[in-house]
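Two complexes follow with chain A in common, the first pairing it with chain B and the second with chain C.
Moving on to the complex of A and B:
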């Protein structure tokens, strides 16, 4: 059971440019916030260790560029992700409307094995600002319609809900991971007897 | 200053062209040249790489043969027509890493990169990183791979940007003092970042070995299936315990010329002793039907190899076995039964190996490899019979004398015995049998030394070494080996003389020879010395090489 020792989760953050993806990550990893806006070029990679139910989990966070001209990574980027975080700005309705296409884009590119149950988390960021334009109710409704995606309202600036959101992200990704262990912990032995065609017996009838 | 000449072989050397010490008509080893293979790997295109080679399984082939107990199938020598694409489009992709590595220079960025600047990681001569194609870390030679998750992300991004946007393969990035070499193999990405004098091909070869080491633990079938099912799989879970094998392999490869030349070193033994050992094995095992290979090794040297008719082993598979035995202390205390995949022999399945040392007073290790899953007891029985027979015919003493480097043996200190004072060091490879002999074989203990030293650091060493050993000479030969094996303009004979030393590298159809002489040697003088050296090797060939290819 030494396999329980280390877990590494690949987490991808997506959303329109300027919604605060990098700021959320910086707040979570470095506990810092800067008002200055700097566009992410390509991608940034950060890691942070968190503890979930007594397990030490390393989160490998892939912070992506929201601006289209810097989105150059595509499929490779999404490949093998354990969780996807979709971020919008509660003061900018357009960024909320984009969630749908970000989610679709991710599912197409990453093509996870079980798309319906792939762990997403939605973050409505910038709740510290006064000019809110997307209501919590509206966001929640949308999340419910998408197979109950967890929704958090965050402020990267004032560190509201950031820790909690990432904790949930880790936990949900981990739940998938442990499910997977059931399949892979006992890889089937290579059948060495040429007369034994049992491989046809236990394969092939997988409905998915 | 240094004078490098790439002459056509002089008349003197031509006489020796037919002299091939160590050559024999049949070989236990598959002499396919790994070096050329890797050079061709490096010139393969993206499309070619994606075509999965669907080789049929050798193991199931053996099994079906046993099951049907069919008589002799005439073996067709399917010589792979080495379609070496020496188009030599040695591309060096210029992936603009600036996109990904953009540093803003503010505090937060400094902090996150601190680990890359830690003493665990800086100033190392060679780093090796292995990650999944999703960018998840699997192995790092130094440091904690968990903390290198960010770096792995960058590597994955570099590789895939070149692949997807340019429909090309990222092979290497060269900076002023550093080479980064990339190898994408199945679902894995392997990277070497080196400040050593190893060539790109030599680094790719090492990465391929590291990949084969993983395959040896999991089989290629399982490795591919895991990632087909879950691309986010954290492979460390299945490899826990095997990191040690990769650690050892990387050190082993840097030190032992056997890897550089794609050859196997044999333990020098009197002809009669080796014959007795082989007979002990064949007479005991010829009734065990599913046994594919019986291999006896000691101190990274081959003592004998008995095989099922028509199957040979590739040197790189034997190297993996050497590494397995060297890295596993547990074999010393108990008989073991372990699944082993030999990637060159059959990457799709496991052989099952009975592994044990011959006796407490003899550090030779016997591996009995079978396709039968539950053959432990018959093989254990066989091992004891073999050990008894060997003891009775005094083979254990012969092995121990060779291992302890008894001064009376001519092969213990060949240079003294050859009595050509100008020769400081040599290594010789017989090409047809893929076997190797060097003037200063690394003893077990010394390799251990290097391992310990390495554990402490693996740092770049600037200190001047007082007495050069095999390992240091091998380091110097690297550039000669890569010139000799260059696919576009291979050299046949290289003679370089300067105030440090004189090196002669010479390849013929039959052998490869690398000799280090005293400084400022004349060419004629060197050729005369080489002449005598080759005659000595020829004289001793029965002792230093395995000259037959026994089968069960």
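Moving on to the complex of A and C:
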């Protein structure tokens, strides 16, 4: 495996205001929940080291403001993202309906190289509440229709599925990263121009 | 002015050397609209054999190459960084040529390179740097190298970066000889640069890139290599200290035979100590009003408050004036009537949303969205403060009612996240629904551009902040740019809600109060304030304003009128136009007991006998 060097994964959390983006990030990173988070203004990030398949990976998790108005700043935050987490509130159907536009907006602004296979993860948050309004089935169907995006039902408050979800986020981001590197190396290997070869860092290494 | 005469451009001129990515930063006598344009800096030969340094704006060049003018042969040898352009210019220029800048080599007296090869200035007249260019790629040394083929120059004794032109070189092909004379490079001791120049002709693109990256390495990693890894915060702190304290490097004027060589380091002058006045007391505040309750010396009172703040006991009253709720010139009786009208207006707007039925709401999505956002944010605004803490806190209801009424007051703007943060301290202070609403309205009027739908106001502020930082602390600005933070987005929250999230409520009262008194443009300076309590920020403001290299861009950011000239001369005692704003321009009294002097001054205007 040639991708040992890159260990920083940039993860962006998006979703409507008040769905629990900050809470999820804090539950995962600090193992804490508070009723007293403030509305996120601009963007914040936390980092956490995790182990994925025996590799130490640093996740840099970007928490963003939920109000649509602040999206025009997104491009600066989205750039270089390795995975995008879309969050909705299972008790608020509107936040579920917004997923589509959050996903589109991300793809437009971050413009990843391979948009069809860019790793997204969907989190249906606040499953600890009684007044649920979006069924798991409905959410799953939507995720399947979008190229089988992984779906988790979480509770940031009671730490349900949070760890598992972020493990998947890390794994999928990492897989994407590895593929990207293979992608990158390929053109170098088949270059026929001898002059150009001399400038390759890896010299004349064979692809195999 | 010789540097800007363009009417007599010969029809046929020949480019001897061109370098692109050069921004016109300043030029004496040019309108500000001509500045900050990117273009190409060239050395050209006129038909009569005389030579000029010529700068052409890029849009001009683009027009010509786009139209495939056959008299132009654009040879793009090295991609975007460097472009060699040869051929003859035609008269097609007519309209745009007025923006071209020409400096005849015969007139050139001095030039200098500063800021790590990023900036180059030219002078044809002793004592004034008439033209300043900014090299985007930090490669001014290349231009210098070519320029030296055409003029004979010598470094001045006192400033290694300043060159005096001895005489224009008559022969144009003294390339090898000139390279040997490039003392700038030997003194820099870097073979890197030497090789750069000699390789430049063969492999211009690679050479430039390679050398540039090496130079960058030296600039950025030089310390690290010798001292080992250092703490980043330590690094930043040092950069900050370095750029803020390098004030003692005095301006020197050297007489060298017949030329007067002036070297002005682009550093800020010493920071003046701005003493903080004592807060305005209840007695003084009352004394500022006439018998009817009118306040006539508004600007003076504002200055007093800006200098020293106010006693907390009168803050409630003062804020109503500062936030344009109570007009300064109203009598007590007029204010009572005014307040009554405003109360009625408030409750009629409140009734508009209070009387909305569930059915109406269900068919009014734009209203519903705003309401839901308000509800979400009210429940997470300052809940750790006793005033808003606990379940079923009645103050939260008031907070929500005011924000909802504001939605009806300005439906287009509606509710934007951050507003609840701004309202909370106002409500905490005034503890009155109607007063808080109108004061909130007044504050929103001052900072409404923070909440633009397209965030244009915020983006502009961040850009201005970056420009100010580049001016006041270029090292720190460069460091941030290197760390991908040149967009200053890390300041977004600070600016959006005016540091509300970063300080305690007590400090926020003082900070906001200062903000109320600043015009929108000046706010940026405090935006990068480093020690608000002792007026360091204002000291920095004065440093920037009186910096000899202050240019129009910075002047405008600080709320001054542009002067349309950008380099001020040494002989000017006060190169800065008198401020039109209300919070500065009190130079004459700095260093004295500011608040007493001012208070006396203000009071004399109100009632001549008040102090006797």
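A few remarks follow.
The definition used in the following text is that the second predicted complex is superposed on the first by the 172 of 208 C-alpha atoms of A that agree within 3 Å, B and C clash if a C-alpha of one lies under 4 Å from a C-alpha of the other, contacts with A are read in each partner's own complex, and residues count from 1 in each chain.
Please note the rule applied: contacts are C-beta pairs under 8 Å (C-beta built on N, C-alpha and C of every residue); 3 or more make two chains touch, one makes a residue touch a chain.
These numbers come from a predicted model, not from an experiment.
Touch criterion met: A:113 reaches chain B, while chain C stays clear of it. By the document's definition of touching, neither partner reaches A:160: not chain B, not chain C.
By the touch criterion stated above, A:67 is placed in contact with chain C alone, chain B being left untouched.
In the superposition on chain A, contact of A:43 is made with both chain B and chain C. Contact with chain B, but none with chain C, is seen for A:26 once the two complexes are overlaid on the shared chain. In the superposition on chain A, A:76 makes contact with both chain B and chain C.
In the superposition on chain A, A:17 contacts chain C only, with no contact to chain B.
Counting the residues of chain A touched by each of chain B and chain C gives the higher count for B.
With both structures placed on the common chain, the touch criterion links A:133 to neither chain B nor chain C. Shared interface residues of chain A, touching chain B in one complex and chain C in the other, are 38, 41-43, 70, 72-73, 76-77. Across the interface of their complex, chain A is touched by residues 59-60, 63-64, 67, 99-100, 102, 104, 106-108, 111-112, 132-137, 146-147, 149-154, 156-157, 159-161, 163-165, 219, 221-222, 225-226, 229-234, 236-238, 240-241, 348-350, 371-373 of chain B. The part of chain A that touches chain C in the complex is made up of residues 17-18, 35-39, 41-43, 65-67, 69-70, 72-73, 76-77.
Listed in rising order, the residues of chain C touching chain A in the complex are 373, 376-377, 380-381, 383-384, 416-418, 420-421, 451, 453-455, 458-459, 487, 489, 492-493, 496-497, 501.
The touching residues of chain A, counted against chain B in their complex, run 2-3, 5-8, 10, 26, 29-30, 32, 34, 38, 41-43, 45-47, 49, 58, 60, 62, 70, 72-77, 79-82, 113, 177, 180-181, 183-184, 187, 189-190, 192-195.
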